[in-house]
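Got some structures for you, see below.
In what comes next, chain A is part of two complexes: it sits with chain B in the first one and with chain C in the second one.
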Partner chain A sequence: MRKSFPAEDLARDGRFRRARTEDRFEDPRNEFLPPGRRAGKLTPDRSDAAHAARQLMHGIFVGEIQALEGAGRTVWDFDDDEAPFALKLDMARQCWDEARHTEMSVKLGEWMGTEVGEFAETAFLYQAACNPDPVLRLTGVNRALEGLAIDVFNTMREFGEACSDPVLSFCEDWMLADEVTHVKMGSDWLRRLTENDPERRERALEFQRVVDKLFSFRGFRGEADDSPIQLARTFRRMAGFGDTEIDTIAADAEAGSDPEGWRAPVG
Partner chain B sequence: MIVTVDPPAFALVDFDAGRIAALAADVAALVGVPDDLAVGIDVDEKNPFGKAWALVDGRSVTLSVEGGAFEDPQRLRQFSEAGTRLVLGRLLFRVADRFDPAFGDPPADVDLTKAEHAAWDAYSLGRYARRAGADGGRERRRYAFRIRHGFNDAADRAFDQLWDGSDLTWVDLRRICSL
Partner chain C sequence: MADPSAPRSPFAPWDRRELPGLFTVEESARRVGHYAWIEMRLFEALGGWVATVPELDVKTTLGRHCYHHAWHAELWHKRLPELREMRPDRLIRAPNAHLEAFVAALTEPEAPDLTIEKLVGVFRVLLPRKIAAYSYHLAATSRITDAPTIRSLGFILDDEQTDWQEGEMLLQALIETDEEVARAARRQSELEVLITRAGGIAGPGSLGPSSTSSGPTSSGPTSQTVGAAS
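Presenting the complex of A and B:
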């Protein structure tokens, strides 16, 4: 079995439709949106709340598949001298969590009236899990990607609570707890693997910062009132993020926010 | 019935104005929109969002559509015929209701609450799905209805009454939803 599997070759059945991330960002309509025009924070007050929530839920579903694929690749791609067996055991455990999340997301999609493959899938989450250095990959997956998952799940949990949707709020709360564990795992392994290599740690954190900027989607994730996905500071602290680190993500999201508008590359 | 589409040609999305006009005429006939109406469809191709609404002024109707409403959710900037039929079916059933004296006298769209919009949309799409023999996205609409009316059995019963209903009046809609 080959190592370092490219995103283009990920297996999907006929229900799925792949979209290129670049096409979303280069959509010529972006430049015509009025300055500051964003869909807004995901709340029931939005007239398109149901559609936006369904689209985000589908994005979560394909994100869970890609997180499963990313963690699974780490178990296989590295020899024990590159990545300790205990790390790969943690990744195997994470695969089990992601598989469960995928099934939950399918059922939540059905609950919301969404079909598998209803929205296009971009592979940008998995692409963050393709770094050949296990430490950089770990930060890309377990701190950037799973950190985004914390923000998304908390947003969906709050949306479920605001709608009094008992199924959505309960399931998101449960999955959120797992994501905090995954990020904590990434924080711990980053510290252990780079204990005597500050230069490598710095490179890993820089890689994470680059990925985090991409995940902030030109203001799609951030602390602005109209950012659909809100940065979940409390849960990030629980997962081992320092306040300075969270401040940096927030500042990068704000700086990267495109006043000409954006289209969320989710799903 | 005269249907016009603006713009007549699209530059940013792969839409065809003639195709949209033909679909609108087809759906309007299916729905039973009066023949003497003039229907104008304004598509904002620059806008990837998906709002769509109707404005009735005398015997003319304007459907204002953000481009995303006619877009295929699987294919960026591509036209979705099935999705467009659903949007037109929903809007034109509401237009037909407004021209039906038996339906009553609902407030202007701008004065409707989100709960009223959700209820009328469910009633419109349920009828369209039956008449067209199409998948109207019943569970999608149930979820949208629940957000406005509650995640409980009473709301689900109200939704089913609306979706499966016919010959309802505006007063019936409000009564079913206890608005």
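Presenting the complex of A and C:
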């Protein structure tokens, strides 16, 4: 088995459909449209709420599969001198957590009326897990990607509460607890592995900033009233994000909400 | 209630544990080092394979089992300094080149249509060997002096047996044709040759006395005699 596994080779069964990120983001039926063209915050009173929630849940499902695959590759890709044993233990734990999240999200999807393959899958989450430097990979995945997961799960949890759907809010709350743990792991390893290497730490934080901007999807995730995914400040603080750092993510999300400002992250 | 001032043995009447065991501190540490090595190689491989298998149930199972073996590796890592090995990395290694060759062959398949080959290596070859070696250790070591190892072996064997059963059921669900039966048998045979040459996960002696094992024999003192003497 190779070290480093490209996104285009991710193994899927016949139900899955892979889409290019640009096509997915420009699809007029989706949530990633610029301000003025999107439906706004996910609330039960939106006429398309059921469809939007199903689409988001399917996105969570494929995102969990890719997070599982990314954590697994971090366990395999690096030799002991590149990634400490304790880091690999954390990533193995994350594999188990993401496997559970995959199971939960596929069941929630069924509960909400969608099925595997109803929506297309892009691989840009996994691509953040392909960085050859373990510190940059951990920062991109465990702080940016898992930080996004905190925002998404909190939004979905609140949507479940607003819909009086106890199953949805219950499961999202459990997943949210895991994601806070994963972000803390990322913050911890970033600090430990770059303790004597400020230049590497700066490169890792810059990589995180780039990934965070991409994950803000031109305001799809942010603090604007019409952002479908709201930045979860309280849970981010719990996970070790500082207020300045959260302010930067919010500001970058707002700046990126310019309809012309968005660039496709991958081909 | 019995008279609280009456003398009692530290061993309850039904506690039949005895002092003798086949392993010295050094022999137990040597084995534990090999256990840590194989658990590490296994959890790394399972993690790497997650992205390569298209079957969703296999994908999530590998993710779950990956953590089980990582936790086993962690337990063995922690045990080594307690067995007087202050440089654990010295002992965390394969027992011989044959086991390294086995692991190289085990982890070689990558293509998405090789799920049977991946699972056969883990669940029909390696896990049975691990269960055998751990069960032997459990039976052979002193139940009193090596109790911390025994406690870890209990947790680990529970995982191994559950995971073995789950993996075997996955294989039975995946193998549907004569050709797939032949593929599974071929793969098992290839890997059995390699792990047999290695002598098991702890090398020759994985399942019986090796030239390096020593210690008191079963004719040594028992807990009953110790208890009676006190």
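By definition in this document, the second predicted complex is superposed on the first by the 246 of 267 C-alpha atoms of A that agree within 3 Å, B and C clash if a C-alpha of one lies under 4 Å from a C-alpha of the other, contacts with A are read in each partner's own complex, and residues count from 1 in each chain.
Simple rule for what comes next: a residue touches a chain if its C-beta (ideal position, glycine included) is under 8 Å from a C-beta of that chain, and two chains touch if they have at least 3 such contacts.
These figures come from a predicted structure and were not determined experimentally.
Of the two partner chains, chain B is the only one that A:E110 touches; chain C does not reach it. In the overlay built on the shared chain, the residue A:G40 is in contact with neither chain B nor chain C.
Applying the stated contact rule after C-alpha superposition, one finds that A:E98 touches chain C and leaves chain B untouched. When the two structures are aligned on the shared chain, A:A50 is found in touch with chain B, with no touch to chain C. When the two complexes are superposed on chain A, none of the residues of chain A touches both chain B and chain C. For chain A in complex with chain C, the touching residues are 1-2, 5, 9-13, 65, 68-69, 71-77, 85, 88-89, 91-93, 95-96, 98-100, 102-103, 106, 116, 126.
Chain A makes touch with chain B in their complex at residues 17, 19, 23-24, 27-29, 32-33, 39, 44, 47-51, 53-55, 110-114, 117-120, 163-167, 263. Per the touch definition, chain C reaches chain A in the complex via residues 40, 43-56, 59-64, 66-67, 69-71, 73-74, 77, 107-110, 112. Contact residues on chain B toward chain A in their complex (touch as defined above): 12-13, 45-51, 67, 73-77, 114, 117, 137-144, 146-148, 150-151.
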